[in-house]
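Look for subunit A in each of the two complexes below; its partner is subunit B in the first and subunit C in the second.
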Partner chain A sequence: MNVEIFVTDKAGLQKFYEAIIAKNETYAPVEKFGKFDFKHVSSLSECDPDSPIEKTMSAKPLFFPRSAKILKYTADSSGTTVKETDEDPLAGKRVILGMKHCDARGLQVLDKVYNWDYIDSDYQKRRQNTVVISTRCDKAGTHCFCTSLDYDVQNLDAMDVLIVKGQDGKIFIKARTEKGEDFLKSNPIDSANSKQHPASEEEMKKQYDAFAASFRLKMNYKEINENLSKIFDTPEFENVSSNCIGCNTCAFICPTCHCFKISDEKIKDSGVRYKCYDSCNNGYFTLMAGGHNPRPAKYRRWRQRAMHKFVYYKERFGENLCVGCGRCTISCPVNISIFEVVNQVAKSEK
Partner chain B sequence: MEQLLVPMMCKIDKVIQETPDIRTYRLKFKEEGLMEKFDYKPGQFVELSLLGAGECTFCISSSVTRKGYFDCSIKRAGNVTSDIHNSLEEGDEVGIRGPFGNWFPLEELKGKNLLIVGGGIGLAPLRSLIQYCIDNRNDYKDFTILYGSRTSADLCYKEETKEWQDNKSLNVILTIDKAEETWTSNVGVVPKILEEVVKPVIENTKVITCGPPIMIKYTIQSLKKLGFADKDIITTLEMKMQCGLGKCGRCNIGSTYVCKDGPVFTNEQLKNLPDEF
Partner chain C sequence: MDYTKQIQEIVAKLFAEDKIDVFAGYRMTGFDENQVPVLIQSSGEVSRLVFNDKSVFNLCNYLKYDHTRNKRVGLVVKGCDSRSLNLLLTEGQVKRERLYIVGIACDGVVDEQGNKMQNCEECMFPDALVYDELLGTQHPEGKYKVNSDIKELASKGLVERRAYFEEIFESCIRCNACRHSCPLCYCTKCCIDQETSKLYNGANNTSSAFHALMTWSLHLAGRCVDCRNCEKACPSHLPLHLLHKWNERVIYENFQEHLSGVKEGDRGAFYKYSLQDPDDFIM
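Our next item is the complex of A and B:
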């Protein structure tokens, strides 16, 4: 795809954003208590599309909500009536500003599980109706390692429009998909500040190289995939998981974790059934009626988490179930890092 | 996805008290025409919900060859199953999603001797297969059923097992773990009776087994000792599930989704799974 690259400056970008927000149903990072979460916005002053990766929640809940109503029911003497829930609030046409590259990768990874066998039509609709605008980070966060995983950060199909901040205040905007191209046609970049630049591609690459050089963490994911698949029984899992308090924060904020549970809420003769986030780190995750639990110990649950991310999902769907965003490590109350866990276990002897 | 998680309502046609803690619920879809369209195979399961209490996974314990209804046999074990036992009567309604999962390899079983080994509530998925095979009896050769439970009171489907015993084309062996005064049949755990009483022919025989995990473990050991190959030992796994659609991640064992790739596995396939049990 030989696509135009628009060059603008900070003011031009601001105008571009403002026009998008005025014209479209827009979601962007909104600050609250020092953390950014993706919310519906009606003006640019409410949000910050350049929010730092370390303080920004993933955009996953816009595609896979934290809790979603499955049905409502009422029961009376004539029987039970089940009503499907009202229209999905996330299914309409919308734009996401300031989504991080790792989140875009997260969507590509989730596409695999939602589109095999039974198709998750709600997820698919949300994906199709969303234009993702993603700005490349300037530098790596302390716990980031996206550049050393099994994907090219510069080429992500889930990003419809890519924004790169180059040198001398130059800002490059490029459509990456057909949806993105159409979007830029109907949401043009301020022409006074934009022109085509022949060396843009090179300058964007330069920005990437500087960004890639800023990473503290580097991982050999192939070695991890291979070694982990051989050491299911290593006692090292007990060492790496011993501090875990089972709070499940890591799973809830992960851009790729997708386990959920179904639970009922009952009020007298009526009620609601929800689909909510769940995590394999929960002690009751696999607890069966009658008391049998295949993963009764914490290290077994951590083993499931690590192996699912770096072995099982890869075997099944061909991708690592980790995008290297480091959010789980930042939010962990006891400083467990998935990066360290898999590296340490992969190095251990069986 | 949310639509796929909405159940269809069924009316409870009949409740059969099988043992002190197991009841069979005979179900019919409320919506007209749905029952006729409900096509399933032995070994498949459904998600049954008591709205307000929750949703649980149960195998279908009847065969599609018996028309007009389907059965779920439910043991009182946890929160939802207790609520089901406590509150559901004939005429009440439950939600059903399914059928889900794979099934016993019916084509592969054709022309083979069948040895069914069941323990306790583990007879439920096997009953679906037994009914199916009885209704297509000419497709199979020798047909042996070994079924055991802790006490005689815990034997499931008492009426039906009597019918099976009266059926000349079946060889039915019942056993209980400990001797009881009125019990005249075999006494001893299933693997022991398998080795000492059943003494199965190995040639051209497929074994299908289900029961409590500990029984399956020792039954497979006995079968191996008798000389059965891993590919001829078929079992159905119990694993916590929720969506049944290969999405919620709960039933993963390694890269296998028990709800999609299973619940029926051969021992050969089980050996390749990570040792989570």
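Our next item is the complex of A and C:
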């Protein structure tokens, strides 16, 4: 796809954002208690589309909510009736500003699992109705390693519009999908400020190179995929997980974790059934109705998490379930780094 | 405050004399100034241990996991940690004879930005209250003060205060990291887990967060030692200390100036009955 790249400056980008927010239902990172979460915004002053990666929650809840109603029911002595919820998961179109590239990659990974044996129609609807505007980071965060995983950070299909901040205050805006092209047509960039630039692609590449050079962590994911698949029984998992407190935070804030549980809220004879986040680090996760729990020990649950990220998902869908955003490490109460852990385990001998 | 060398020496000696099976301490992350709790099982790993003003996490939390259960455990405790350890001892969760406690006379720890933590600024008991060995010079005991956050909260009316907390709980994602990181939350089945309780749950929304966190804080009322493990664990950075400090103030004022975990054998305010307890009081 040969699309034009718009060049603008900071003021032009501000105007572009303001116009989007005025015209569309927009979600963007909003700061609260020093942490940015994607929320509905009605003016640019409320949000910061350039929020730092280390302080920004992933945009996953906009597609896979922390809890979603699936059905309503009434159950009494006369029998049980089930109704669809009257809540449409997402009827209107919406725009997300300031999504990180790693979150966009997270969506691509989630697409695969939600399009697999069961098509999750709510998720699909949310995906189709959303225009993703993604801004490339200037600098890698302390725990980031997205550039050394199995995807090209510059070319992600989940980004409809890509924004790159080049040198000398130049800002490049590029539609990456048809949805993005249509969006830019209906939300044009201020023409007084934007102009075509012949060497835009090169300048964007230059920005990427500078960004890629700022990474502290480099992962050899091929080696990790290969080694981890061979060492299921290594005692090293017990060592690396010994200081984990089993709190679930890593899974709840991960852009790709997609496990959920079903829970009911019942008052008298009627109730609502919800789909809520769950985590494989939770001791109840594999508890069966008969009382048997195949993963009773913490290290087994930790192994499942690491193996799902780097082995099982890869075997089934050909991709790693980790996008290298480092959010789990940042949020971990005891600073456990998944990068460090998988590297340490992959190096261990069986 | 840097006791790295002393702690390494003590732990090496403990392993040499076969006094402990596992030691809970801190190690560096390896790439920045922050630290990771570490459970050391042999004398060969002793050189990894560090202790300085970045050693924040309350290690008593590890006393409830398989790695330490029924083992002889050594651990480092600061003043606040030792109060939670006192409560764990009183509530029968650990046996004193299988612990070797390295107490610290703590000068206060700092957060990730390097600022002294708020709870250290107003700490009443900086020195470990229960220990086998104490490092550092002892501090005089502080006086009870109601901090400015709580004063501000108290100036609000009931409706206003509820709205304030609802706004805080709106950002809760119900990961229960606060509960997991609390050294005093050792129940194997918890009433705020969606799996075991149908009381408040269903959705992960503000109302369920409100009920779950309020219930959780009431279970810690008169027990919380203000170590702030929960607040540091919260991925949404919620100011959870407000709940606990509020309860602490109410209990201090109404229950004969009760402060939790200060003496070994002293039970939580709600666990003991006294004729002086108020009965006209609603939380």
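One rule holds in what follows: the second predicted complex is superposed on the first by the 344 of 350 C-alpha atoms of A that agree within 3 Å, B and C clash if a C-alpha of one lies under 4 Å from a C-alpha of the other, contacts with A are read in each partner's own complex, and residues count from 1 in each chain.
The working rule: a contact is a pair of C-beta atoms (placed from the backbone, for glycine too) under 8 Å apart; a residue touches a chain by one contact, two chains touch by 3 or more.
The structure presented is a predicted model; accordingly, all values stated were derived computationally and were not measured.
Asks: Just to be sure I read the superposition right, which of the two partners does A:187 touch: subunit B = first, subunit C = second, or both, or neither?
Replies: Neither partner.
Asks: For A:287, select first, second, both or neither according to whether it touches subunit B, subunit C, the two together, or no partner.
Replies: both
Asks: After superposition on the shared chain, which partner residues are touched by A:67: those of subunit B (first), subunit C (second), both, or neither?
Replies: second
Asks: If you stack the two complexes on chain A, which partner ends up touching A:130: first (subunit B), second (subunit C), both, or neither?
Replies: Neither subunit B nor subunit C is touched by A:130.
Asks: Look at A:295 in the shared chain and tell me whether it touches subunit B only, subunit C only, both, or neither; answer first, second, both or neither.
Replies: It touches subunit B, and subunit C stays clear.
Asks: Touch test for A:232: subunit B only (first), subunit C only (second), both, or neither?
Replies: It touches subunit B, and subunit C stays clear.
Asks: Between subunit B (first) and subunit C (second), which, if any, makes contact with A:264: first, second, both or neither?
Replies: both
Asks: Would you mind checking which one, subunit B or subunit C, touches more residues on subunit A?
Replies: B
Asks: What is the contact status of A:116 with respect to subunit B (first) and subunit C (second): first, second, both, or neither?
Replies: It touches subunit B, and subunit C stays clear.
Asks: Where on subunit A do the contacts with subunit B and the contacts with subunit C coincide?
Replies: Subunit A residues touching both partners: 69, 261, 263-264, 266, 287.
Asks: In their shared complex, at which residues does subunit C touch subunit A?
Replies: Of all residues in subunit C, those touching subunit A are 29-32, 34-39, 57, 61-62, 65-67, 171, 173-177, 179-181, 193-196, 198, 201-205, 229, 232-233, 235-239.
Asks: So in the complex, which bits of subunit A are touching subunit B?
Replies: That would be residues 68-71, 73, 75, 79-80, 82, 84-85, 88, 113-114, 116-118, 120-123, 232-233, 258-264, 266, 271, 273, 275, 278, 280, 285-290, 292, 294-295, 300, 304, 307-308, 311-313, 315-316 of subunit A.
Asks: Report the residues of subunit A in contact with subunit C in the complex, numbered from low to high.
Replies: 32-35, 37, 57, 66-67, 69, 142, 216, 242-243, 245-249, 251-253, 261, 263-266, 272, 274, 276-277, 279, 282, 284, 287, 297-298, 331, 333-337, 340
Asks: Report the residues of subunit B in contact with subunit A in the complex, numbered from low to high.
Replies: Going through subunit B, the ones touching subunit A are 1-7, 9, 30, 49, 51-56, 75, 77-81, 93, 95, 213, 238-240, 242-243, 245-250, 252-255, 260, 274-277.
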